[in-house]
Amino acid sequence: MQTVNLTQMDKEGIAEKVIAMGGEGLLNCVQCGACASVCPVARAGFSLYCKNLIKKLQSGYMEEILEDSSTWACQACNRCTEICPRDVKPSEVVFAFRRIQAEELAISTSAFTPLMSLYETGHAVYNKRSKELRKKVGLPETPPTSIGDPKAVAELQKILDDSPMAELGIFLNLMSRKQEK
Amino acid sequence: MADKIKFAFLLTGGCAGCEMSLVDLSESLVDVLDHLEVVFWAPTVADVKYKDLEAMPDQSIDLAFVDGMIRLSEHEHMAKVLRSKAKVLVAFGVCASLGGVAGMANLHPRKALFDTAYIDSPSTDNPEGIYPQPKCVVDGKYELTLPEFCDRVRPLTDVVTVDYMVGGCPPHHEFVAKLVTAIVEGNLPAKGSWLTGGKAVCDVCDRNPANEQVNRKTITEVKRVVDGNGVLEEKECLLQGGYLCLGAVTQGDCNASCPKVNIPCRGCGGPMPGVTDFGAQALSSIGAILENEEVAERMVAKYPDMAKMMYRYSLPASLLGRKIKGQ
Amino acid sequence: MSKIGVYVCHCGENIAGVVDVEDVRQYAEQLDGVTVTRRNLFMCSDPGQEMIRQDIASGLVDRVVVAACTPRTHEPIFRTTLEKAGLNKYLFEMANIRDQGSWVHAHDKYGATAKAKRIVASAVGKAANLHPLEDKFVDVTPAALVIGGGVAGIFSALELAKMGHKVYLVEKQPSIGGAMAMLDKTFPTNDCSACILTPVMVEAANHPNIELLTCSEVADVNGYIGNFNVRIRKNQTYVDWNKCTGCGACAEACPVRTANEFNGGMDHRGAAYIHFPQAVPKKAVVDMSVCINCAGRKLGTEPRISKKTGQPVLAACEKACPSGAIDRSHHLPAEGTLRDIEVGVIIVATGYQVMEKENFPEYAPDSPNVITALQMERLISATGPTGGKLLRPSDHRKPRTISFVSCVGSRDVRHHTYCSRVCCMYMIKQARLIKEKYPDIRIFMHVIDVRAPGKDFDEYYTRARDMGITFVKGKVGGMEILPADQVRVLGYDVDLGSNIEVDADMVVLASAMEQPPTAKLLARKIGLSFDGAGFFKELHPKLKPVETAVEGVFLAGCCQGPKDIPDTVSQAKGAAAAAAIPLCQGKVRIDPTISEVDTEKCSGCGICTPLCPYNAIVLKTYSGRPRAMIDITQCKGCGVCTAACPSAAILLHGYTDVQILSQIAALTRAA
Amino acid sequence: MEYTPNIVGFACQWCTYAGADLAGNLRCKYPPTIKLIRVPCSGRVKPEFILDALAKGADGVLVGGCHFGDCHYKDGNRKTANRMILLKKMIADMGFEPKRFRLEWISGAEGQKFADVVSEFTEELIKLGPNTIVEENAA
Amino acid sequence: MEQFGMYLGCNIPFNAPDIEQSFRQTFPNLGVEVVDLQGATCCPAWGTAPSFDINTWLAISSRNITLAESEQVDIMTGCNSCFGILAEAKHMLDHDPGRKAQVNRLLSKADRKYSGSSEVYHVAHVLHNKIGVEKINASAKYTLRQLKVAVQPGCHLLWPSAVMKVKEKNPFFPTMLKELCHALGAETPHYSRLESCCGMGAMRSTNQERALDTLKDKLKSMKEEIDPDMIVTTCSSCYLQFDNAQKLLRDKGEIDFAIPVFYYTQLLALCQGLDPAQVAAISETPRDEIIVRIQSKQRLLN
């Protein structure tokens, strides 16, 4: 491991940014480790999990960890938030960091498909075999959700079109396709 | 016997009830008149024109009583004239000394008062909605004037320097007798004081628990006379029984005449010497002996016009004096 | 016209760094009645005080206003200055421009200066209306009350008794000894707790100046320093203690089995029982809440006569008692008996409670093998439920692996934010004791960090590491229940940077020390206040650590905050020393800033009488009419009556209407 | 010039005044709008004082006492609470925005709360604008 | 009849419609009417909007809640993750008026307004707290007596407890699902990894290896400690993970056993005597055998 010169770490604005993105408890953390002790992500051996993410953010890391997509393994199970003795709400910090990563498009590749699907169908998860499955168990082919409801999808798209998510250009192709129609 | 005391009596905005209490001296009034020379008593008794008063030499009146509050511009004018003519000026009765019942009008803007009096009251027939005008021309040639209706009621003390104040609505005749005797005998306190026995209604009230060497209890009930809760025992304290009796806060020169007949004291006697704001003191004294906050909340609910309850006779002389404009 | 001197303090840079002190001084110069204005770097320093003394001595000044810090700390200092200069010390007023000025408005220097001027004007306004007041003195009742018979209470009582003062020591349990009596050994010396405490308990019980009132509680407190009237409730014991010899026969005979509090509920006692083997006084009590009335007769009735034997049918305890101390034919009131005592001072030493494991859902509270450290203390004690053998509660087998979990309820915003101060050390102690006795047991200590700052503490901790006890830096976040009543501790090792698990046979929770809820009731009776953590608040955290806001009432031990035994004993002795002062002086000063009735003005309405919290106001006949009078020894100067008096007949010296109205006028005057 | 509210505070010496001192010790920032008048107990505060301050043009008045159960004089604060319930109503009857008057229980341990209360009260008063009674009376 | 708005989410209608069918068929037998929330979208899943922008998340979630508001019903979700998202969103909106105003501005684009009048519940909450175990027990035709169930309550139903209307007595040792299984006569022995993660969702899509390891750990605890006849869950994500990833583990030779998996209402449906071809028809870990055992004559209650 290399020595880190903490005086050379640029902490400028990092905490503020994380707090603004929803990680309000960042600076309350005393690194007791309780969150990590029960964190599925930590227990499964991912590299960046609540406790060490918080420590790194507190120490001024940002560039160095921005591309680490293991934060996207967080299940949001919130057990950390339930037990944190300092009310840090570690899962909120993880999500705040994810939002910062998203701004830089440092997103787990696995996140894109659900996003596209969400925009197009209103469902992050969609299974093309579903009609067949539904018929098999005696249900109408289409459930009463947005999948068969263009008005509902249009409502959702109106919310998404002006969102910071759209500004990242994630939906660009889909949006132009919609306009062509 | 020295010279007779030159005496004047002026009614400003009031009901002349205070003058009645002087008349109530009945036979003793005859004795009093041996000592008094009434030089002015208007407009109630003598047909004296105001210009007659204006014509009198300054300081020519030994003793002047004013009853009534300052409601019209005329009241202010006359009060000032009388002040210059009189050596000793007494605000006689609670209207003159504190503003009186009419002072509650200060919680309403002038427009609202006029609307009620000249437009909205059921007995009024005023389809054109005409308000009293200070000036008007009749038949194209007679210019008539009316005194101006002031923005608010003021006690006499707000307009001129008053030498003595007397509470009561009206002052109790027995006290008036004592008072006149004291004046005649020249037995007066320092100027600027209340003329009073200096004790509260409770001191002369048969219902005061202290008479029986019993400590007062906190208030657990809130009642109003209008609710018809029945009559308390003869010796039972009205305040302790839940009625908002202001006897503890009020000068008792009335001999507790209201509580004697089951009516809670409403504070016409004015505050005890040394108290500036009658209502605030009443609120402080009574608020403190409420059993708990819940009783206080009930009191607020039961008396929705808290200011009018506490300042029934004294609003114009209170620290705020009137309802201030909304901000 | 008064001659007011205004002295503006720089407090080094504390004030002057923010407030323009010269501007404030100049402003004060033109206020009505002000004759002298001066500034100084530190007004409370000798030169600062000398400045005031000289101005008074030379007749320039007859009222003093010091604009500096808070009167709560410095008013007494400057009052002494006035006194030394020959001026009545109550002709003094402080303007608080530091604590409520420069310190809180450092971001707005202009605003802070403007505010300081108003505060000075307010103080000058009040000063102009001050009157000289005279201190009065009353005799002190030569006795002390100590509430709580734990180690703090015992030492407080002994110290006072040894100085020659009469002491009442009140304890609600049947025996004194408190929490320390439950401990096995004590850190950092591993002394046997009972061995060092029992002789002290006995000494307290036998001291001629100490009257031990166990099974007793404080029912009511009235009065004031020097003359407290205290009502003590002796709870019903159902045993005649004059006859009871503490032989324990009743406890053995009693058929009831109920959880034994003294052993953390890990074994049983009877309804008739003796608190613990070394109890002082060693007397039995009957706990009626669990008594099953085995002989089937009501209390206070004559026993049934057996048809078979012709003998009276007695309860097991009655029958067993060799001295006739238990007799159910007496009608004994369940509420006990009341007794009034008079004391000059009170020491509160009510101790603490530990948080129960049920407060911590994430730590498998349903597992019998998860216990609190206080329970562990009993489990390893020779007088404990297992006779000192370490056996885990679920199956009474010797554990192979034990995890100690620290900061359970302490340093945790969900429970208590404070550090309980003793957990690290007692965990280490217990771990060491276990390891010494059973070297084969694996012990893991899960800590956020080890706090061992006392004398010989760190050495004690280091030795624990040497003994092979494993320290894991990292707070435990959860536990899983394994088959066979094992508990899997889900931990994290900060140093390894990795998650860890321990399959433990037992888990010990170092749960927080906290103020028991009953403290609220006592606080209300005495007038004590609480700090942010819920403990009794001392008068000053540094300089008056045993005094309270109630004069004559002192604090000792954990009721004031978590502390270990040495600190508790130190504080107990400190409290005794402080409490001894009024007892030795024999007189206490009555603060003259109290209320007084102007009988001439009083109308006898009696509004004031139910208001006084101390019943200091009585109606007496004066010229034939009832008039209020205030007993100066009872009045504490709250001013509730003053504000309520409809006749403006009650004056609160030091806070008169005129003084307060002059302050309001100064604060609202156009700037 | 920007309007800075002038708040007259009445603080009981055991709790709120001590809380204000603690705010100083902790260096909690708040606007320099409030000036405290120290009284032994909030029960000493006559409603008249509050009306007097408002009549003299104070923009806001704060009365601070101990939490219930914490009163140094057992229950002086309860008398205050009763009085202030009546007074709040009366102030409103007299045309004042009731928000100009605040009753707060601030203990000696609540330095931050004192600062927060003053900050919040100041904000509130800025929204309400100045108390114009003095100008109104002069007019 | 008490009504609840059935919020289906994504996995249930598209990947496990037999669960949807089990809702539609079991609830009427318990006196509850299932109301469709027409036009519902994704909750949205943690990895989508919530990982990008809080207000966009809240706008989408609250839009879904408004569907229930306009039907004047409370929401009932079948997926723990949907429940977590919606409950947290509701908590944030109801406790932060400023946030609510911002989100309502976004929602106005879709001509909707969130008021907060509908509560968010999970199917398990409705079953346990609204319907109650007695009614469930009374509705069963077949008993699960002497069958051992490994319960999987799933995480989003437990934490953070502050946002939930219905709470477990101890969220670290949950009992609601156990009690629901007891209502059907089953045994639910404790296993140590009761509350450990199933590895589905974000973890699986980020790193399948680690997600499978996580699941394996949990499955082994079940198998070794209690050897259950089946796994029962009330989370559709957990359900898919246990069913599908268990197969993956078997295929890779990491485990050598197969424990059938049911969503709780599927089991309930079987006990109510409903047709397995509709309510429990799609799975990758075989469960036909246990279904036959459940609906056998011996288990028929009179």
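Descriptive notes on the structure:
By letter and in written order, the chains are A, B, C, D and E; residue numbering begins at 1 in each of them.
In this text, a residue touches a chain if its C-beta (ideal position, glycine included) is under 8 Å from a C-beta of that chain, and two chains touch if they have at least 3 such contacts.
It should be emphasised that the depicted structure is a prediction, and the values quoted were computed from it without experimental measurement.
Considering every other chain in turn, the ones in contact with both chain A and chain D prove to be C.
Touching chain B and chain C together: D.
With centres computed as the average of Cα coordinates, no chain lies farther from chain E than B. Of the two chain pairs examined here, C-E and A-E, it is A-E that is joined by more C-beta pairs in contact.
Per-chain CA centroids place chain D at a distance of 53 Å from chain E. With each centre defined as the average position of its C-alpha atoms, the distance from chain B to chain D rounds to 33 Å. Chain centres here are Cα averages; for chain A and chain B they lie 75 Å apart.
Measuring from the averaged C-alpha position of chain A to that of chain C gives a distance of 50 Å. Chain contacts: chain E has residues 171, 195-196 touching two or more partner chains. With touch defined as above, residues shared between interfaces to two or more other chains in chain C number as follows: 362, 478, 611, 640, 643-644. Contact with two or more other chains is made by residues 281, 284, 288 of chain B. You'll find the chains touch as A-C, A-E, B-C, B-D, C-D, C-E. Chain contact summary for the complex, chain A toward chain C: residues 30-39, 42-43, 51-52, 79-80, 82-83, 85-87. By the touch rule above, chain B contacts chain D in their complex via residues 107, 276-277, 279-281, 283-284, 286-288, 290, 292-293, 295-297, 299-300, 305-308, 310, 318-327. Considering their complex, residues 362, 407, 411-414, 448, 473-478, 490-494, 497, 499-500 of chain C touch chain A. Within the complex formed with chain C, the residues of chain E that make contact are 170-173, 190, 192-196, 225.
Within the complex, the chain C residues that touch chain B are 601, 603-607, 609-611, 619, 625-626, 640, 643-649.
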